[in-house]
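Several structures are given next for inspection.
The same chain A turns up in both complexes below, where it pairs with chain B and then with chain C.
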Partner chain A sequence: MNLVHLAQAKSPWVLHYDASSCNGCDIETVACLTPLYDIERFGAVPIGSPKHADMLLVTGNVNHKSKRVLRNIYDQMTEPKVVVAIGICATSSGVFHQSYNVLGGADQAVPVDVYISGCPPRPEAIIDAIIMGAEKLKKKWKEEEHPVKRSNQGSDTERSTADVG
Partner chain B sequence: MSWALVGIGVLGAPLLGGLLFGIDRKITARLQGRKGPPIVQPFYDVIKLLAKDSTYTNRRQVFYLYSHLLWMLVALVILLTRQDFLVFVFALTFSEVSLALAGFATKSPYSHVGSNRELLQILASEPVLVFMAFALYLATGSFLTGGVFLIDEPLLFSYPLLFLAVLLVLTILMRKSPFDISSSAHAHQEIVRGISTEFSGKYLALLEIAHWVELIIILIIVFLFWVKPWWAGVLLALGAYFLELLIDNTYARLKLGTMVRTTWAWGFGLSLVNILYFTL
Partner chain C sequence: MPSRTVIPFGPQHPVFPEPLQLTLTVEDEKVVEAVPSLGYVHRGLEKGAELNDFVKNIYLAERVCGICSFMHSWTYCSCIEELLNIEVPPRAEYLRLIFAELSRVHSHLLWLGLYADAFGLESLFMQCWRVRERSLDMQEAAGGGRVILSACTIGGMRRNLDEDMRRAFIKEVAEIRRDFERLVPVFLNDYSIKKRTVGVGVLSKEDAQSLGAVGPTLRASGVRSDARMLGYGPYKEMDFEPVVEEDGDCYARGVVRVKEVLQALDLITRALERLPEGEIKVNFRGRLKGEVFKRMEQPRGEMLYYVRASRNKNLDRFRIRTPTFANIPPLLKMLPGCDLSDVPVITLSIDPCISCTER
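On to the complex of A and B.
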């Protein structure tokens, strides 16, 4: 097994951004760090700087204000990187869909790799999404070795099959 | 001291340091009632960082980061070859200053905050190490680190208070609470990411590897207090290491001023009293 791929799958450093969440998903995301769920056992560490992060966790739907910020954070992250949309708001803007001040899910600003629904999703589902994202990190690194221009960014997304709350 | 042994030390120190950091994360997790990451987690992190794209804001930053690791290794070699302890302190200080300069090389205010704090940490910690050099001179008649192998009684028996002061300073050097001011390890929160905010990819990996070497240097400093028999020193070093982990998990971070006041009052006080008592 490739040592780099193993390391990438085992060490996803996550950066959490609240695009305009009601804090429900934020609380569940932070709950993953508590001793009960302990996401660090998978090597995932919440990190403050986008330049260190491998994975961007987005909660809440994207509006006109947060789109620019989300894009800016995403651009500062170095390759390979993945984006995980946590909760139904970040996935498709949920009950706020077509509101005058809402643009939509996180994919309106940045390419999203893993979607996870729920309002809010359970911490188990979030952990599942982060591990799924870490697997995608490996694939992205392989692509960089043999760069292939991606024509359709929406087609290679995955949906978490975990139990959602 | 053969050069082959120095080579083994220089290559082995980062590996051993990384492993100790993994054990640190495991013990910390267990103290908090968590399962914790695997012991080889620091190696996963560094391999991943080496494979990641690296960006830098300007070339000075890269130069200073390499300089940080290089001088840390020089400090290690000085200790391994039992050379002058004062020169070792200067090499260690130069390494730390390089890190602060790497933080200052960017325009990010967060990394500037981290660098300012790093400089204050140096101000708080290095004088106690200089006191240790004086103590070494008074006990052995030479600044050479090898001198401790020539005296019969362990340095700890002559300098118990100085040892306490060094333990206080180790908290700063190991970047552990309550004195993890410039950049804390693990998942602790930080002003963005303190001094390392603007480092990425392999340059961040350089910083991590330098931390591993720094940990080994710190353990060797503790070891110097009890070199005969050697296993007593190793036990002392590991005991000090575990004590730091315990302190890290039971204390919140203190403020900058508190760190400088504590280390200057207690660190200087304890060292001076001990050295005066020894000379009288």
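On to the complex of A and C.
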């Protein structure tokens, strides 16, 4: 693993997209950036463009209209990339599971690496998830440099889910 | 004839935490037309509410919007209480006011932070959110949750304040006030804020009224209108006077919100001092019948709830009209003629809450 990749895994640039959340998880995600929780001490920097981002934070369940947008954002991000589903809506559509316009969690549109539950999750849980995502990013860089034969692997490699809280 | 360009603004844009799409037609740097496109956050909540028991709908109503979630649960509960003819104990009504005004404080501070971020004052954004965390700590101490509380229920409140906490809250409100007052001169007098906001996105008094603007957007245009003047809950005993500004530009909308934070802190202190003793919840039984409208003032403006039921445990119809929905036509009136660089500031100045709008 070269120095650049190590640095990138230590300082993930995060992009936030609200797939169809009620704002609760969004403001907690933004609260992570502010002085009390200050996620920059772990190297995570919020960024506006998908092309610069290493990590996608998805809040809210996926609906018919946001599915395409979420997919577009994901496709624009460069490899390797990590998706974190924040909140119970992004995990399994939560309280809105009966609604006609809700397709399900974020995994209906993009492959998710880390799930966190909670409605909304506490900022500490979000920070924990971002750190887990960064670990995942490091693993993906390593895999990219030393590709392992697919047939030797079990089912729980990069698509596995690490549950937090 | 300058050439026209179409620029998509959103749905994913660094200024907004939420997806709002505006299709902007620009001539050189001037916006000539803005067309909004909604539906990225539509969850079908109103229909979902018809599938649930009416008691469980409190949790759904709270999740119309995570920022003003307490106001939504209060409005929904008071609709049901009116249908069931429940008299809510006065202590519960005062507690509701305290939580509602706390969420107004945190909502306005959140907005002031995002607003500062929109024209690049990042440290002011951080300062606003630092002060806001104190109000969230109060909500957590009293309600059990930072953002979504589930403290309001049909017939009263689920959470009480004990005497120690009441005294601590009065002290804490004074400290939030002291912290916030250090930021107020920046919002009122700072040269770069004035440069970016004075005379930008002007909405005249006539336009504001005819297009049906609500909340701070309406009051910044010189119209004295606030649903709290109706005197629902304990507001009738609070000598409530709305904050009104005359200019109708982005600066005036900012000033209205700054003054409303101070006013909300005053209201909380007054309510804490006058907090009556007694029960916080009454039990209820019976089935719902009839229909009811309720108007209440959210941080973003007036919202309207409509509930209809006919002796079932489910509702027949549940309808919400939210303030941002009412403020989108005024926004489309403000945008034509402005510079492209002012679009984020003007759009933010109505305090868009997309999850309310689209539900």
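Quick note on the criterion: the second predicted complex is superposed on the first by the 137 of 165 C-alpha atoms of A that agree within 3 Å, B and C clash if a C-alpha of one lies under 4 Å from a C-alpha of the other, contacts with A are read in each partner's own complex, and residues count from 1 in each chain.
Definition applied: contacts are C-beta pairs under 8 Å (C-beta built on N, C-alpha and C of every residue); 3 or more make two chains touch, one makes a residue touch a chain.
This structure is a prediction, so every number in the text was calculated from the model and none was measured.
Colleague: Is the number of chain A residues in contact higher for chain B or for chain C?
Modeller: Touching more residues of chain A than the other partner does is C.
Colleague: Quick check for you: in the superposed arrangement, does A:Glu40 touch first (chain B), second (chain C), both or neither?
Modeller: After superposing on A, A:Glu40 lies in contact with chain B but is clear of chain C.
Colleague: Given the touch rule stated above, what does A:Gln8 touch, chain B (first), chain C (second), both, or neither?
Modeller: Once the two structures are laid over each other on A, A:Gln8 reaches chain B alone.
Colleague: Using the touch definition from the top, say if A:Gly48 reaches chain B (first), chain C (second), both or neither.
Modeller: Both: A:Gly48 reaches chain B and chain C.
Colleague: Quick one: is A:Thr78 in contact with chain B, with chain C, with both, or with neither? Answer first, second, both or neither.
Modeller: In the superposed model, A:Thr78 contacts chain B only, not chain C.
Colleague: Touching A:Gly24, do we find chain B (first), chain C (second), both, or neither?
Modeller: In the superposition, A:Gly24 touches chain C alone.
Colleague: Residue overlap on chain A between the chain B contact set and the chain C contact set?
Modeller: Common interface on chain A, chain B vs chain C: 35, 47-48.
Colleague: In the complex of these two chains, what residues of chain A are touching chain B?
Modeller: For this pair, the touching residues of chain A are 3-4, 6-8, 10-11, 13, 33, 35, 38, 40-43, 45-49, 51-52, 54, 78-80, 141.
Colleague: Which residues of chain B touch chain A once you look at their complex with the stated criterion?
Modeller: These residues of chain B touch chain A: 25, 29, 32-38, 41, 43-45, 47-48, 51-55, 110, 186-187, 189-193, 196-201, 204.
Colleague: Using the touch definition from the top, list the residues of chain C that touch chain A in their complex.
Modeller: 11-14, 17-19, 39-45, 47-48, 51-52, 59-60, 63-67, 69, 110, 113, 125-126, 129-130, 133, 136, 146-148, 353-355, 358
Colleague: Inside the complex, what are the residues of chain A that reach chain C?
Modeller: 16-18, 20-31, 34-36, 47-48, 50, 60-61, 63, 65-66, 69, 73, 95-96, 98-102, 119-120, 122
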